[in-house]
Amino acid sequence: MRPRVGVVGASGYSGAIAARLLAGHPDFELTFCTSDRFASEAVERHLAVPTSLTFETNGSALALAETVDAVVLATSAKVSAELAPAILEKKKHVVDLSGAFRLATSGDYSKWYGFAHPAPALLDRAHYGLPELFGAPRHEDVTLVANPGCYPTAALLPLAPLLKAGLVEATGIIIDAKSGVTGAGRQATEEMSFAEVDEDLRAYRVLGHQHTPEITRMLGRSAPEVRLTFTPHLLPIRRGILATCYARPRSGTTKEQVAACLADAYAKTPFVRAVAPERVTIASVAGTNHARVGATADADVVIALGAIDNLVKGAAGQAVQNLNLLFSFDETAGLGHLQRIAP
Amino acid sequence: MRPRVGVVGASGYSGAIAARLLAGHPDFELTFCTSDRFASEAVERHLAVPTSLTFETNGSALALAETVDAVVLATSAKVSAELAPAILEKKKHVVDLSGAFRLATSGDYSKWYGFAHPAPALLDRAHYGLPELFGAPRHEDVTLVANPGCYPTAALLPLAPLLKAGLVEATGIIIDAKSGVTGAGRQATEEMSFAEVDEDLRAYRVLGHQHTPEITRMLGRSAPEVRLTFTPHLLPIRRGILATCYARPRSGTTKEQVAACLADAYAKTPFVRAVAPERVTIASVAGTNHARVGATADADVVIALGAIDNLVKGAAGQAVQNLNLLFSFDETAGLGHLQRIAP
Amino acid sequence: MRPRVGVVGASGYSGAIAARLLAGHPDFELTFCTSDRFASEAVERHLAVPTSLTFETNGSALALAETVDAVVLATSAKVSAELAPAILEKKKHVVDLSGAFRLATSGDYSKWYGFAHPAPALLDRAHYGLPELFGAPRHEDVTLVANPGCYPTAALLPLAPLLKAGLVEATGIIIDAKSGVTGAGRQATEEMSFAEVDEDLRAYRVLGHQHTPEITRMLGRSAPEVRLTFTPHLLPIRRGILATCYARPRSGTTKEQVAACLADAYAKTPFVRAVAPERVTIASVAGTNHARVGATADADVVIALGAIDNLVKGAAGQAVQNLNLLFSFDETAGLGHLQRIAP
Amino acid sequence: MRPRVGVVGASGYSGAIAARLLAGHPDFELTFCTSDRFASEAVERHLAVPTSLTFETNGSALALAETVDAVVLATSAKVSAELAPAILEKKKHVVDLSGAFRLATSGDYSKWYGFAHPAPALLDRAHYGLPELFGAPRHEDVTLVANPGCYPTAALLPLAPLLKAGLVEATGIIIDAKSGVTGAGRQATEEMSFAEVDEDLRAYRVLGHQHTPEITRMLGRSAPEVRLTFTPHLLPIRRGILATCYARPRSGTTKEQVAACLADAYAKTPFVRAVAPERVTIASVAGTNHARVGATADADVVIALGAIDNLVKGAAGQAVQNLNLLFSFDETAGLGHLQRIAP
């Protein structure tokens, strides 16, 4: 019998894609989806997946968790922080798409997310689910996977190997990232209306985005004392992130070395591929769970780029990848068939 | 001394452009703008026009009307229907951008706009301000201009001359129109978010759009017993409308005749130009007060196309054109310098 | 052993998607791809499909055809018209994506495609591969499938059932269709550059598009004496077609009847679904082999809409669907997993 | 009598806008436009400007130069490098939109532009026409204005004042810039087709763009020993550049200081305005000759942003601004009325 999985918050963009991927997954069985917005309506109607499920209310998530082996939380950080501990107590695995278990201390949550974390003891225990860098989540008695943020995924993939190899300095790192609109989730605001976003580009939350401490913390696994600047921009596209990262080269670092470093790091990963910097494009990965990374250098700078689909490798696809690894299925199960959107 | 004009509702897209055009107009003086949203803030900050005005509240519109020669209403049909009569009583001209004075009877308003019209006596008196077809508004003691809707402008310009010349039948007319998102005004809805509109196209209010009776009524001035079907579509662009119109040819009508008919009709109009059908494009007019029209035919059908910028010739620009004519200024004053957006 | 298939012209948009779909197909084996442009390069690099094939030259297509059971031609009509007969002589099935075998007579080809057809005898023999309307291609000794054009697919699906049911008149039909840019294939022209297409909409080949006779011919299977007008427009999107079709209702036709007619016609088809007209959107089908159709009516008109992805249901996906049927596999094999692009 | 001006290369995007601006200019008279592509055709037809001129061939540019007071060159760097000296010899002013006179040495041209400069003696003499930083071009006997590149304009405006004020270090500067497609001029390549650019973002010419030495040289006027990295990206929009610039703060530099520095620098300039970083958006300036700049800082970094319309402040508008200053007209003449495209 296939392991059973449910998705809480399945009407948001990431949750919907998680539900679609699981509904078509050969090794898991999707057995519930919750959404207050669509409660009691057919999942098939809204998600265009072949399933006879109807949406349950979000309030029933905890009760429904009893009936499955693992739960995907596509909820806000605040809701996830409350819900995950309760589900773990029921001895069910949790893969959380929010930032609720990605930072180090409860103080970080007060500062960056604006709420007091209700379960700070879990912060150390959560597995940061970026398999190419940090391996598969261990299938413990019960596992909590903190699924990485979209911007952190796009930035960590090109930067971490270079930092670990000692090719770049750990301070003075610049991450200039650009994201399509779905990174912000479903929005009913004038700011995100087509008339305001189309033909525009702007930076936002300059020096204040909550993914800054997440990237800093996780880069810190490759080198001590990381200091970085992260600037997100809003692109007039639906899906995809390009992170253009700048670091100071250690003495003697060459462009051949940085290119080789990434090629080696991802030589055997099914989803991440090292290519020339100009081929690290959003169009080449959007729609898929793939990432592209690339790097070059001169005497002044190392430039490392990463591109992903923010909803797939940056959210739902990576969640399924983590579930695959957690249950010892093929890492690409239910993901390999995804075709890129670009013709 | 230049005539003084005020704009009520100057933070909406059409109202903002009306304010910008009037602020830079050589012959009018913009002396007030109202907007509850931006009340007390500098107009220059929000509209990027060189003026020292600050936004007044909408509630002060009637009092402010005392201080000007003409008022542009960029308000909802319901608000305009209340406000216009009160301003007219103060002996001030009104150019109303809404649909409040475009239909024939109070019954039409109950049916298509969903409110009981408070001043049905004004419906006959209002001048429908499409100068190329219906001439300049007369400068009476006090004049009410019903500024045409964006879709009606795009459809009437190519169709009316053909109908008047007897080249097409008055029944069975099809208007398949496509509009950029600003036609719907400022929107804070998920439906109009970039993520939902981008890379999509859809028809909306099929057989139920409130511009249907307006087009029917105004085409009725060119031929009796007009019957038409109007289908609007939402385009993933910011500005512009293309109306593709189909009519049954009268016996013997040739493509040369329909092309010549439009060329003649607009030979001397500064803003409307007849071109080949494939050159009736949104990009050729967006940003300007110009319209392009074109027509061709075969034995089965006459195809007539019209393209405008919905915010300019379809709203604020046409309002200024009407004001120019009302005050006997050059028809193109304050409008001729507008450059198309397309490079 | 799985049937072997090759794709000729696999670097164009449709050919590339055909190759991707076949590379991931559970029941077929993709054994060759040709492309002069990418000759000798790895297919995986260009198409992002897991295969060890390298591109062959187009000139080797006929020789390679010997080695397979069926060939997909993603070539121009002129090339297909030459190549298909030669492949059929080798007793291999052909699915041709071009218009080379969709019209009735060699005179049609001189008129609409500008070349003298080299194999007019095949025109009657070709199976027009729109399975929902005309059934599965018979697996004869050797079968030639004329895969429908993208516009015809989008227009025939909503119109044919209404015509067959006698709910609309066969004359005076209007098809106002709007397509994303990939309908024109790979383009290196200023006209199709981003700067010229973005934020624009235009009609093209008005009264002269080569899909007109194809639609007329195929609608003619549902009613005699069809007369129609077809107007294509170029949309600033990558993928998708919306066809808005207008027909005159037969006396007494109601909106309930037309909606029910489409619902019945497609009640059991896996890829076509009847919905309300406003839900017939490009975003709901782009990326998939699905089509949506919808219809409504009043006393003057029947409006029927169809939406497809021009590259999938309008080209490569339908080709795979035809191959599935030809080889008696499940109609959805290799297609059901495709996810829509819209989040 | 108004000074007479001609535009060489008036069918490219920048040249066309220069011609439009000059045709509507109150103080200049546009007396010729050249374009091989449109030779002998009406300028009005192609540029939508009210003029009776017809396009002349490019080959007649030198002869036509005799008849005017100043010539705008919208030609390639190689052509400008040949043509400008010849025109100057005729004692006519030249404003050159290309990069032909922006670098320091003929060696720079061999390296970055790939040709041997035919008139290196002019490199020192050319006035770099960024008036807000370097003042008005002097009206000498005859003046050569090197009109700044689009990327340099967007980057120099926010960076130069900070550097000059000693608030940032001169080395380790990062300029991450994003441009709409018109920056590349008219293109008939697959790479710039809508299907390839839409919904994508990519970096190009990484560590190799020819604007790098231009920015370095001009920043060098504010501080010695500038070292910088410049990375351009291609945005799926038509018009506009956003440059996000990073520099290391000098000890003690505060965010208040950097904001005040820009506010002071541009307090009296008509076209450049300092705002908060999040308000430095492409939409706020596209269509106009305005630039927005903004800056903030923390202990690690100073972030300075600049936004312009690449075709206006980044090319044709700035050329007109330079002409205004050269002839002692109001700096904003013929430019102040331009309205932003964003509704």
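Per-chain numbering from 1; labels A, B, C and D assigned in written order.
One rule holds for everything that comes next: a contact is a pair of C-beta atoms (placed from the backbone, for glycine too) under 8 Å apart; a residue touches a chain by one contact, two chains touch by 3 or more.
Owing to the predicted nature of the structure, the values given are computational and were not obtained by experimental measurement.
Touch-path distance (fewest steps) from subunit B to subunit D is 1. Set against the C-alpha centre of subunit B, every other chain centre is closer than that of A. The distance from the centre of subunit B to the centre of subunit C, with each centre set as the mean of the Cα atoms, comes to 39 Å. Computed centre separation for the pair subunit C/subunit D is 47 angstrom, with centres defined by C-alpha atoms. With touch defined as above, residues shared between interfaces to two or more other chains in subunit D number as follows: 13, 182, 195-196, 198-199, 236-239, 341-343. Only residues 13, 181-182, 186-190, 192-199, 236-238 of subunit C touch subunit D when the two sit together in their complex. Interface of subunit A with subunit C (complex): residues 13, 16-17, 20, 24, 48, 50, 182, 199, 238-239, 284, 287-288, 290, 311, 336-343.
By the touch criterion given at the top, residues 171-172, 174, 176, 178, 180, 195-196, 198-207, 227-229, 231, 233, 235-240, 242, 244, 246, 248, 277-278, 280-283, 286, 296, 298, 300-301, 303, 305, 341-343 of subunit D touch subunit A in their complex.
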